[in-house]
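Given below, in the form of structure tokens, are the structures.
Presented sequentially are two complexes of chain A, the first with chain B as partner and the second with chain C.
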Partner chain A sequence: MLKKMNIFQRIFYAFCGEGKARKLRTSIFCILASMVFGGIILLLLGKNPIVAYKSLLQGAGILPKIKYPGRKNQLTDILNLLDYTTPMVFASLAVAVALKCGLFNICVSGTMIFTGILATTLVGYSNLDPFVARILVVIIGIVGGGLLGALIGWLKYRFNMNEVIVSIMLNYIINYIASFVINSRYADPISRESVEIGQNARLTLMNFEAMGLKMNISLLFPFAILVVFLIDFLMKRTKLGFELKSVGTSPLASKYAGMNVKRTMILSMVISGALAGLAGVAYYLGTYGSIQPRVLPALGFDAIAVALLGFITPIGCFFASILVMIFQCGTSYLSSRLGVLREIASLITSILLLFSACAVYFNQKADSYHNKFLMEDKSDE
Partner chain B sequence: MNSIINDSMAFALPLFIIAIGGIYCEGSGVINLALEGLLGVGAFFGGLSFAMISTQLGTTTNSMIYLSLIFSMIGGGLFAILYALLAIRFKANQVISGVVINMLSVSLTAFLANQLNYSLFGQASNKFMLAVFPRVTVPFLNKVPVIGAFFNETYVFEYIIIAIALIMWFVLYKTPYGMSVRACGDNPQAVATAGRDVNKIRFSAVIISGIMAGIGGMCFAYSISTNFSPSIYVGYGYLAIAAYIFGNYKIGQTLLACLIFGFARTFGYLIVQALALPSTYSDLALTFPYIVTLVLLIFFSKNFTAPKGLGEVYEKSKR
Partner chain C sequence: MEDYFVQLKHITKTFPGIVANDDVSIDIKKGEIYALLGENGAGKSTLMSILFGLYEPDGGQIFIKGKEVSITSPLKANKLNIGMVHQHFKLVSDQTIAENIILGAEPMKKKWGFIKSIDIDRANKEVAELSKRYNLEVNPTDIIKDIPVSTRQRVEILKMLYRNAELLIFDEPTAVLAPQEINSLLEIIKSLRDNGKTIILITHKLDEIKQVADRCAILCKGKLIDILDVKKASTQQMANLMVGREIELEEVREEVKKGKVVLEVENLSYKDKDKVSKISDVSFKIYEGEVLSIAGVSGNGQVEIADAICNMIRATSGTIKLNGKSIDHMNIRERAEAGIAYIPEDRQNVGLILDFPLYENLILKEYFREPYCSKHGILNFNEFKKQSNELIENFDIRSGKGCETTVRSMSGGNQQKAIVAREIALNSSLIIFVQPTRGLDVGAIDNIHNKINELRKQGKAILLISLELDEIMALSDTILVLYSGKVQTIEDAKNLSKNQVGEYMMGVHNNA
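And then the complex of A and B:
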């Protein structure tokens, strides 16, 4: 008696089963599944999910809005999206590089605050030439973040400390110290955040006027694309990249093969930290321009989801970043159009995360279908 | 002096009960970074039940406070089922799924707290107001020097926690069930050979950790802020994890670690008060427990022996 797959199993197998571009198809399956879940929640709230998702895309600049305020149009919305995406690209790459080496860098948020506050206090309020100031900010981001990453890697290796616990403790320590620094010296009495930095150090050109529009142009976005390709090259074509992946798969085997496991682990944390540091300057000195005390940026944690969704590959991280930021950028337009709470976007993002964490299971499940249904097909013939 | 001991215990004991849940979970071989999220969801359920009952009846009584504690246990346990499904049934990476559960619980409780406040109570707020937890003074014992402070004006939940902790200690170390939980962490194949279902035992251990985290979270909500709001996520779950790692996965030593955290926290505040520093310095005081944890971990991490099978998905066919 030959068993047949039912319609749900067929759809599931089409997305997660063997074949070309399996990772991509599984990711798309996760996205669609979380959107279905989000849609059910929206339906329960009495809203039309299709209208909701459409206004999400409109808010992010992918679809044209019905009307725009003066000197804004779809182009400015897209530029805004890219501006918001830039720190996410760096942050998700930071998570991905560490994960490849079997380390879990949850200190991305802390590193972001660390480099953010360093660059803000050292360069943000200075009168340096814009070109010099911006270069300095980026260097501070890379070096500061790299040092912090090195510290975590070193503690992990030297003292056998769990890097997750160390990262979490550092997150809170940095967060409170930064908030102390802001509140005691740099607090803006009205916004209760740090005083906004000068335009000369800002990595985003704010309200840049051209073609009769006022645009926010992220200067780091082209650099982010470059970094994506650099990390991709590092992972696929270099000795270090091979060692990273090897240590991530099996530290013992790598040691046996003569690799320096200690050096590789610390190096991966340095790279990861430097990327997280870049995310920090892109976030605090680019997109926002000020630091909110006592708040760990949620972006640092969302980056874990993004890295997973991108199957821990640099190119995947890039596209996953754009997708997640579409959700987040479109939220305010969505909530003003439909009157739903802003939290719905982060809720859908975390459901998306939940599905992407199960991606390996989905693939296994599809493989078991393969054995159960398709193999029998062949034996019957 | 009295207030130091009281404040420290009111912080250390909820941390302790969360850590006990963590010991069960990790003892059975499942890494549990989800404690942070579980305690938040537990507190959310407790807070919600308290708000609903008190608006229905129009009054607040002590029995409702205890009822909310039970609801927080149920809530934490239910949410732990989700984590157990991910980590055991779906074989997801346990570290990652723990963090995922944390993020989901933060966004879910923030969303639900806003939405339910709006639709049930007609308020635009993300908080559920709670009552003050009753305090008791034990006669005679409170006259004992130093230790007596613990029996003076103590929150009732501290005694509840101690009672539960004793039961949990007994179950883990003196019953067949506790034995198999610990065996699941060290050598799951041996447990399977003995005719027990490894995944079932792990599932139950994860749910126990959710229930314990629920109590702990609710007690934090009562003692620290007397309301439930998303600001409950300040890393106490992670602190509990550090506590039982520091306590080497043993309940007795973990109590010691929790007490260290509790006193470190109180002393941090005291120093700021004693030196009459401006209020901005309280931020520095807040770093104190985390720095103490980090430094202690540096010294003691070498000696730790985690359960051997920790973090490994149990495969029947694996040798």
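And then the complex of A and C:
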């Protein structure tokens, strides 16, 4: 009745089994597994997967490219990567905070458009001093997003409405109102997007010239790192974080313990909304300078999977965001070097996110191996 | 050899930090009622889970009818004619009895000669026949959520019989039943044996074993202590072997002088969401050093009274005073702070957060105040752990990894000890116990009864809600009997006999 673990099971167990840094090992397993799958697809297309992955990393600035255009080098690529990563960090944190409290915030995309259009119309076209304008944009992001989160939480609290349905509907409502506003007043006749905002309100310094280079520097990225640590501290060490986790795990026991379950849920939605709002300003007033009407940013939905890949922990979200953005930023270089469609990188990213959603399953599977084969290990000794 | 249905040989099973079964060997004859007796965490359930294919053993062999088998899943156990009636029923509450019974083994028919569909008429007929043959009365077309717990248990038994189970494992079957339902279940078990079935009964209630079992294996801390012939062994002997020490089954009650009024409930009424009256016009007082028990058949409003006092549900009308002050306007936490400790009925879903570690659960009612939480809302986990270790020590809470253990992995008795420890540590003037010993073994029950007596001596007011009449008779100063939400009588415990309380519980004695 004893079975030997085969080589695949051994490898699988080494990654997903009990032990130290299990979450990290499982995440690495997911990444490697999706790269193997992606590799198979590339092979089927007749491309060399190693060259493909290398050019992906080169495109994202992790490895140096063979040659650079004028006034660009690896540093500018890395800065671009960080600029793209910043909104994703905020967005995945927004999902994680709500999930910790047992709520599913799908309104990250809607919130992003909401704060994006608010900040664009209120500050983006003004002549304010750059310092004041940028601070104002960030405040609009936090407050606007927080208010929207509060609205979702309140609707749940007051009318017992399902937050998922409310979130989805708000996505549409905000999206179409924003499109209406853009198309009626702020549309650029050539690009059909909103008129690009002034550099004074932009959260990314565009084409900043130094050391003979032209760089895009995200001003919000250091702030994102700070927020990661703040949320981590909030979750692990504070009374509010304890209540959030408690309500998320067992609302009934939390009520019994005297916690205000509904207030806690609203608060988690406020925090989640504020983070999503920050993602919005980082995206629309940082990475990009304009808003495309009638398009919900995919980033708000990808953030759900990124949060799962990061095991719903703030630090995990941070690294998962960087990883996913490496794939996305490296895409154009990959497709131009190998002559494959851009979609191949998106495909690999999607496979990765699919695997990461199965992380909990992988751990359970490894546990069942553990139960099955532990006895054999003992008899070997 | 042939007359053994099951032989378990040298079964060993370890979990991280705990040896659940240590070289256990038992042989069960065909057609006998074999009891497994042991405290919580003694390894009874683990042993049976191994036999039922839920766990695989680390070592040892299983023989069914003399042949060695490996049982890797409950499905395989079913194929070997082994059935288990779980403590927590596994039924689909929106389906009928017959639908639940056939689930996974549906009789099929072909509609119009080619469309496969479930033959529900045949299922209903078969279930009706089965229930008649084994004297397990059920109506196959009733919906599960409409039928009482005792009938649901019958459905579980029928489910096993429908799958031709020859060996039936009952996991603490009486824990969920009201006193009068227990006897009829025991009769059912006996008649199953007389019909040629083999029965394993997991329990820690000695009188039940005495009543029905032929032989009894006693487990203690994972080891097999002894196998007794039930007819020859005394209850006291079994109790001592099971706990591994002497237990006093009879307790002497000390007189405690009543102090001032702690809790005063006046005209308390509660209607649920559907406007059904659950409690009507209940009034009583509890004094310092008094144990007031609420007796009643399950579901007659006892739990609602406790919930209303703690504000887990909002009373529809009436006033509640604690130490002379009205607490009607207060929320759950304010009431707890004012001096109400509450040991709830559902310890796993209400009393504890199962996925949190023990130390967070032990401080669940105090985490928000100093020294556990600073003025700025920062938690101090060192203080959590310090206090937890103290409680673990004082209340003898056993777990695999000390205060870091996830509560889910602890045994029921130790989970309950954790709740009791936490609530007593609050040092409240009123302590509410709802079904504090349900599903616990003799040792743990003893421990909790001693705690209640001790608290009474310290001058606490105690509200005890229990379905165990013996427990109520042994511990109370005053007994309140509730029948469909109305007070039948409030009487000094000394003036009531067990039979009288029983009559009030059934609503027969209506002249009060």
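Just so we're on the same page, the second predicted complex is superposed on the first by the 374 of 381 C-alpha atoms of A that agree within 3 Å, B and C clash if a C-alpha of one lies under 4 Å from a C-alpha of the other, contacts with A are read in each partner's own complex, and residues count from 1 in each chain.
The criterion applied here is as follows: contacts are C-beta pairs under 8 Å (C-beta built on N, C-alpha and C of every residue); 3 or more make two chains touch, one makes a residue touch a chain.
From a predicted model like this one, the values you see are computed outputs, not experimental measurements.
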- Mind checking chain B and chain C on superposed chain A, clash or fit? clash
- Task: Could you tell me if A:66 is touching chain B, chain C, both of them or neither one (first, second, both, neither)?
- Result: neither
- Task: Pick one for A:7: touches chain B only (first), chain C only (second), both, or neither.
- Result: neither
- Check the contacts made with chain A and report whether chain B or chain C touches more of its residues. B
- Task: Check the residue A:190 against both partner chains and state whether it touches chain B (first), chain C (second), both, or neither.
- Result: neither
- Message: Looking at A:155, would you say it contacts chain B, chain C, both, or neither? Reply first, second, both or neither.
- Response: first
- After lining up the shared chain so the two structures overlap, which partner does A:21 touch, if you call chain B first and chain C second: first, second, both or neither? neither
- Task: Look at A:211 in the shared chain and tell me whether it touches chain B only, chain C only, both, or neither; answer first, second, both or neither.
- Result: neither
- Task: Could you look at A:179 and tell me whether it touches chain B, chain C, both or neither (first, second, both, neither)?
- Result: first
- Would you check which partner chain A:341 touches, where first means chain B only, second means chain C only, and both and neither mean what they say? first
- Once bound in the complex, which stretches of chain A touch chain C? 1, 237-240, 242, 245-246, 249-250, 252-260, 371-372, 374-375, 378
- chain A residues touching chain B in their complex are 45, 104, 106, 155, 159-162, 164-166, 168-173, 176-177, 179-180, 183-184, 293-294, 301-302, 304-305, 308, 341, 343-344, 346-347, 349-351, 353-354, 357-358, 360-361, 364
- Item | Contacting residues of chain C [partner chain A, same complex] | 55-56, 58-59, 70, 310, 312, 331-333, 336, 342, 344, 349-356, 360, 364-365, 367-368, 373, 377-379
- Message: Considering only the defined contacts, which chain B positions touch chain A in the complex?
- Response: 33, 86, 90-93, 95-97, 99-100, 103-104, 106-108, 110-111, 114-115, 234-235, 238, 241-242, 245, 278, 280-281, 283-284, 286-287, 290-291, 293-294, 297-298, 301-302, 304
